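Structures given as structure tokens follow.
Across the two complexes that follow, chain A remains constant while its partner is chain B and subsequently chain C.
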Partner chain A sequence: MEMQTVQRKKLRQDVVKKNVFVWSILFYPMLCFAVFYVYVNINSFIMAFQKTDIYGNSVWFGFGNFKTFIKMIVEDGGILRISFKNSIVYYLFNLCLEIPLGLIFSYLLYKKLPGSSVIRGIAMLPQVISALVVTLLFKNFMDNAIPAVMEQIFHKDNFPSLLSNPKYSFGTIIFYSIWTGFSSSLIVYSNAMNGVDPDVMHSAHIDGVDSMWQELFYIILPLIFGTIQTYLLTGFTSILMNAGPLAAFFEAYAPEETYMVGYYYLSRILRGNEHEYNMLAAGGLLMTLVAAPCTWGLKKLLDKFVPEV
Partner chain B sequence: MEKSRKVRRIVNKATMYFLYALLIVQCISTLIPLVWMVFTAGKGYVEYYDNPFLWPKKWRFENFELAFKNIKLQVREGKKVLEYGVLDMAGTSVIYAFLSSGWGTMWTALVAYVLAKYKFKGGEFIYMLGIIIWITPIIGSTPSAMLVKKALGIYDNLVLLVLTNVSTAFAGFNFLLLYGSFKRLPWSYAEAAFMDGAGHFTVLLKVFLPMMMPTCMVLFVLGFLGAWNDYGTFLVWLPSSPNLAYGVYKFQLDMKSFGGNICQVMAGFAMISVPTAVLYLCSQKLIVDKFQVGGLKG
Partner chain C sequence: MKKSVALLLAGLTSVTALASCGGKVVNTYDENKTQIYVTIFNGGAGTTWIEKIRDEFNAKETEYEVILDYGKPSAGTIIEEIELDNISADCYFTSSINFQKGIYRDYFEDLSDVLDMEVDGAGNGKVKDKMKNYNNWQAMASKNGEGCYIVPYLDAIMGLVYDHDLFVEKEYLSFATAADEAALSAQGISYEEKTEYGTTYLIYKSATGKTNYAAGDKILTAGKDGKFGTYDDGQPKSEAEFDNMINLIVNGNDQAKSFIYSGMYDHYNNTQAHAIAAQYVGPDMFNNMLAFNTGGQEIEMYDGSYAAVELNEGYKVFQSKGIYEGLRFINKYMNSSSVHPSSMNIGSYSHTDAQNDFILSYKNSTGYPAMLVEGLWWENEAKAMFAEVENAGRGYGQVNYRYMLLPAIEGQKGIDGNGNGTVFTVSDTGGIVVVKQEDAEKLAKIKEFLAMTLTDEVMKNFTKDTGIMRPYDYDMSEEDLSGMSKFARNAWEIYSDEENIELVRFGVTRYAQPIFFTTDMHNTYIPITNNNQISDSYLRVLRNVGGAEAAMGTMSYDSVKWDAFLAEAKRQGFYK
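Moving on, here comes the complex of A and B:
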């Protein structure tokens, strides 16, 4: 009896020790989460229904901020309308070009063709050596080097800077994003492909799978769909948050033709337009109300394709 | 039948090598601006305008010296105007990169360990919460975050900003990577250590963390590289404590008023690339092998 009591006491002590250990680790991150995520978002929600009066006090404004935001979206030629259009175009290019190219190129690395290890090393360069330097190099390359070459080789005077000229700038930004964008996915996808069991591939070959496309579509892609799903979801999540490389190229003053929603928000903050914060919060709330259910719907849909392994 | 299979095999190989050639071209094209940076950094201004793409006739290392001298940033702090030179900004870069990467990786690893290895009330909930906040887009909360951080004195304070930047330590790629890795390690190691009288902290510090060190090192190095090149945080949250990336960024935006030119800008770019290039080359194999992302089923 006494033995049982002692054992029970020891068990209780172990549980207490375990809980003390667990919560001593979780306490600080959860506190930060409560303040910098939960409270910040609750505050953003409240801000959406307020405006700042001339004395700097926050006063109730009902749905006034929402009306202003919606008016700005529907306004023909307005900067927010351009931002929405560009954000969607940017995402579609990413979805239709960057992800498929990343997957195909990763497959080639996975097949270990000659020189593939060197290419894996080079592929990460723009991401790890300095994404900022690559961005700024590209800018200087477009603004200085390309016009100089066009002048010298093709004798074309006043060749426009493809980045600064509003006519070409958004197209150039999309090109830049695709050009540098799939480098990290190249490593992630090819590492995921390396995890495919060689026996599965062997059986597939016996069953008649003999072309690159068959291998890719019928064997590899279904098996690594978990990784692809993560990329598809995070890409979708960031449609309205992505500022692209715009801040690196133009700081707070990008040409209007290149604006994306994420950059619109960033530029307002960089310019210190505090009087717009309430309207921005209302816009954020509206967009979250649309984007969050869509993201979860997409996740549910994609979950159906993830193999149970 | 045999002939058509042979043709198919040839077409398949040709497609594969054609696509591989495209990949090689893409890789080479990513190197072109880097090589151009080195050329330009070694040229005189006149030589650059005569021939922006050719190898320098004579290497002019004074561009590095001039960049070192000209890259400076003036920051207004109240009534005072402070001037930051390259060395000041490099110091900030080192402190910020070490602190933010080390602190972030440490907390992510600790939280991932606890959630992966311990069953307790709320554990599953926190894990699910991490996935929810990761993939649920909360748009437009930066203005609110700005007001909150200003009110708490975190805005424009490097140390406080980094120390409080662990609010999503239980979400994101890094967390999932570490969570998955801890999950795969057998708990029997811990049981053996408990039998020998070890406590929970000892098991964490002496058994599991050493086994997870290579993965943590990869995350630390990637975090360090990201933080070293981070100008965005300084642009938005830390305008009064510029790092080197922010300094070079500002310098190239407004090089004429700094008394600089394109060759000095490229020399500045080369200067900030060297530490990260060395670090990457040293840890390249580890990074390339360990960089994996799983699915999000749940």
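Moving on, here comes the complex of A and C:
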């Protein structure tokens, strides 16, 4: 009996210790979640229906902020319209270029073809070097080096900066994003490929897979589809949040032609124009209303299309 | 071995820590004193001038000490810090004046009693008596017309900077001719004639009065002020003469570039559009237009008609001819292909880049930028670059930089209503604010410190050290002026010539308007749009829409938007 009581007491102590351990680990992230997600979102929800006057009083504004936001999207050529268009173009370029290129190059690395370590080294450079340094190097290269080369070697005076001149700026931003994003997809995909069981590959070859294309499309891609699915989903969810490298290059004053929705929000906050916060909150709410079901739908769609090996 | 590695790492860590502080001065505190934290704007005006006052204050005070911090906080940042209860100073010397939100929310102290102090000794007048345009300032810095929560700090004019000696050497300026001989004699200037390559010049010998010529100098034509030997000699007076000068610069042997300016902050050029607009309609009317009310007077509209504009239709001021002329002028000269190509790099070419390229342009015999669009602070701000070219005789204060006056525009009212005179806009009308204090005694000490920064002596030294003016009446002796750079002396001459020069303190009038500070009206004054979007920079819009004529049709504000602005301002208790 006494033995049982002691055992029960010990068990209880263990449970308490376990709970203390678990809660001490969970407390900080939960606090962060409560403050930075729950509170912020509730506050943002309330702000969407208010506006603030010069005395700091917030007053009920109904759907006024929503109307303003929608009007700004609908307005032909308005900055929000440009931002939405650019965000979609930016996503499509990343989707159509970065993912296929990343997969092909990762496969080449996986196959350890000649020169693959050189390619890996070159591709990894932007990841190894500090982002700040890469940004500065790229900016100087575009703003100074290329115009100087064009002038000295090709005698083309006044050659524009491909980054700062608004005519070319957005194209250059897309190029930069694909270039710097390429290395991270190279790491992720090639690691996923390395995780493929060699016995599976061996049996595939016995079953008649005899070219690299067949190996890639029929064996490797289906086996790493979970990783690709994650990439597709995270890419989709970030369409309306992505600011690209605009803030790194231009701080709060990027050329209007390069704006994306994420950067539009960021620049408004950086400029600190309080008048716009309520309208931005309403926009956030509207975008969630659109993006959340779309993301959920895409997830369902991708789940249905998991290829069979 | 391990020890040395550890030491090396420790050393590296401390170096990194120091570097990450940006070499910031680490202040020491007297535990027996109460600290007064003062943040001083670390921009073109520098900070050394206030250190002397701090030392003086700290030496005489037994219970308080001033601790200086250097930074560039804007009004928005300061207000945000107060709202987040994360304020880092008691008093701010800033380059901003848009503190209205903070004033109406009671974040700042009323400094009216500072303006009532006789800081230069009893009987020598109050601070407000020597303030430039006290009434305008008070309207902007008050709460519903009561009190004064901001004390003026800087007064930095903005314009076109050029190297006078270079312009004389290249003959971009106009030289006096025989036709000027009578006027020269009337001014007591003696000269001799000298012919070079078939052209006869008048060479300065001496004068009975003060001039800025030295014996042997070629005499230039009298500028817009009509006097020889002043700040504007040889400069173009009309737009046609201005065109001629630009043509000589761009199409002459040197194939130089007419202007250089920051692409990143190309809204610097907005100031020149405002100055031209003010010259065209007259500075007083321009101030009325900033308040969206022409005071019952008719103004010339872009379509040739005349109309008086009232606040309830205030957006109509943007359809005035003066606004068009301002936009036309900057589009014609600053959007031209003869502008330095770097200025087109709107994402990255900073004001310091433009300053450096302008300073180093002497190294190029061709293609150099002839004029820089900059504020009065630029020479002080670029001291590091000047130090690098000191051995070439082009260090700080050594080059004869001057401001080029804006030419008269056909049909302009000018500053006297008769088409004469020049307008400069003041860009940096910085302000000093004191954050709300709980301790009355400490507040009194802060005000005492503030008063110490407002004496004539301090202002004189400030201008001597930085070349920048403060918006108060104070005199500079010949001795004071002789210690300043040539550019600063030129600016002082312009600043002091109240007969021919009028300063438009754009921000002071604009920020006084409730319709502006209570609504989401854009910061940029003239609401021209590209793709329905108002830009910080007029030039960008003008470039994209294809010129001033097209831009006049893109004004963002119409009667619907304007009514909404006005209704919002009224809802908050204004204009009733």
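Rule of thumb we're sticking to: the second predicted complex is superposed on the first by the 280 of 309 C-alpha atoms of A that agree within 3 Å, B and C clash if a C-alpha of one lies under 4 Å from a C-alpha of the other, contacts with A are read in each partner's own complex, and residues count from 1 in each chain.
Everything that follows uses one rule, which is that a contact is a pair of C-beta atoms (placed from the backbone, for glycine too) under 8 Å apart; a residue touches a chain by one contact, two chains touch by 3 or more.
Keep in mind it's a predicted model, so treat the numbers as computed, not measured.
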Fit-or-clash call for chain B and chain C when the two complexes are aligned on chain A: clash
Chain B versus chain C as contact partner of A:Phe36, first or second or both or neither: first
Touching partner for A:Ala247 - first (chain B), second (chain C), both, neither: first
Partner chain(s) touched by A:His275 [first = chain B, second = chain C, both, neither]: second
Comparing the two partners chain B and chain C, which touches a greater set of residues in chain A: B
Touching partner for A:Ile206 - first (chain B), second (chain C), both, neither: neither
Touched partner set for A:Ile79, first chain B, second chain C, both or neither: second
Partner chain(s) touched by A:Met3 [first = chain B, second = chain C, both, neither]: neither
Contact residues common to both interfaces of chain A (with chain B and with chain C): 274, 276
In the complex, chain B residues that touch chain A: 5, 8-9, 12, 15-17, 19-20, 22-24, 26-27, 29-31, 33-34, 36-37, 49, 51-53, 107, 110-111, 113-114, 118, 120, 123, 126, 133-148, 152, 164-170, 173, 199-201, 222, 225, 228-232, 235-236, 245, 248-249, 252-253, 262, 265-266, 269, 272-273, 276-277, 280, 284, 287-289, 291-297
Complex contacts: residues of chain A adjacent to chain B: 17-19, 21-22, 25-26, 28-30, 32-33, 35-37, 39-41, 43-44, 47, 104-105, 108-109, 111, 113, 115, 119-126, 128-134, 136-138, 140-141, 144-145, 148-149, 152, 179-180, 183-184, 187-188, 191-192, 195, 210-212, 225-227, 229-231, 233-234, 237-241, 247-248, 251, 261, 265-266, 268-270, 274, 276-277, 280-281, 283-285, 287-288, 291-292, 295-296, 299, 303, 306
Chain C-facing residues of chain A, complex: 53-56, 75-79, 81-82, 139, 143, 147, 157-161, 163-166, 169, 249-250, 253-256, 271-276
Footprint of chain A on chain C - complex, ascending: 74, 76-77, 80, 100-101, 104-105, 263-264, 337, 341, 344-349, 514, 517-520, 523, 530-533, 535-536, 540, 571-572
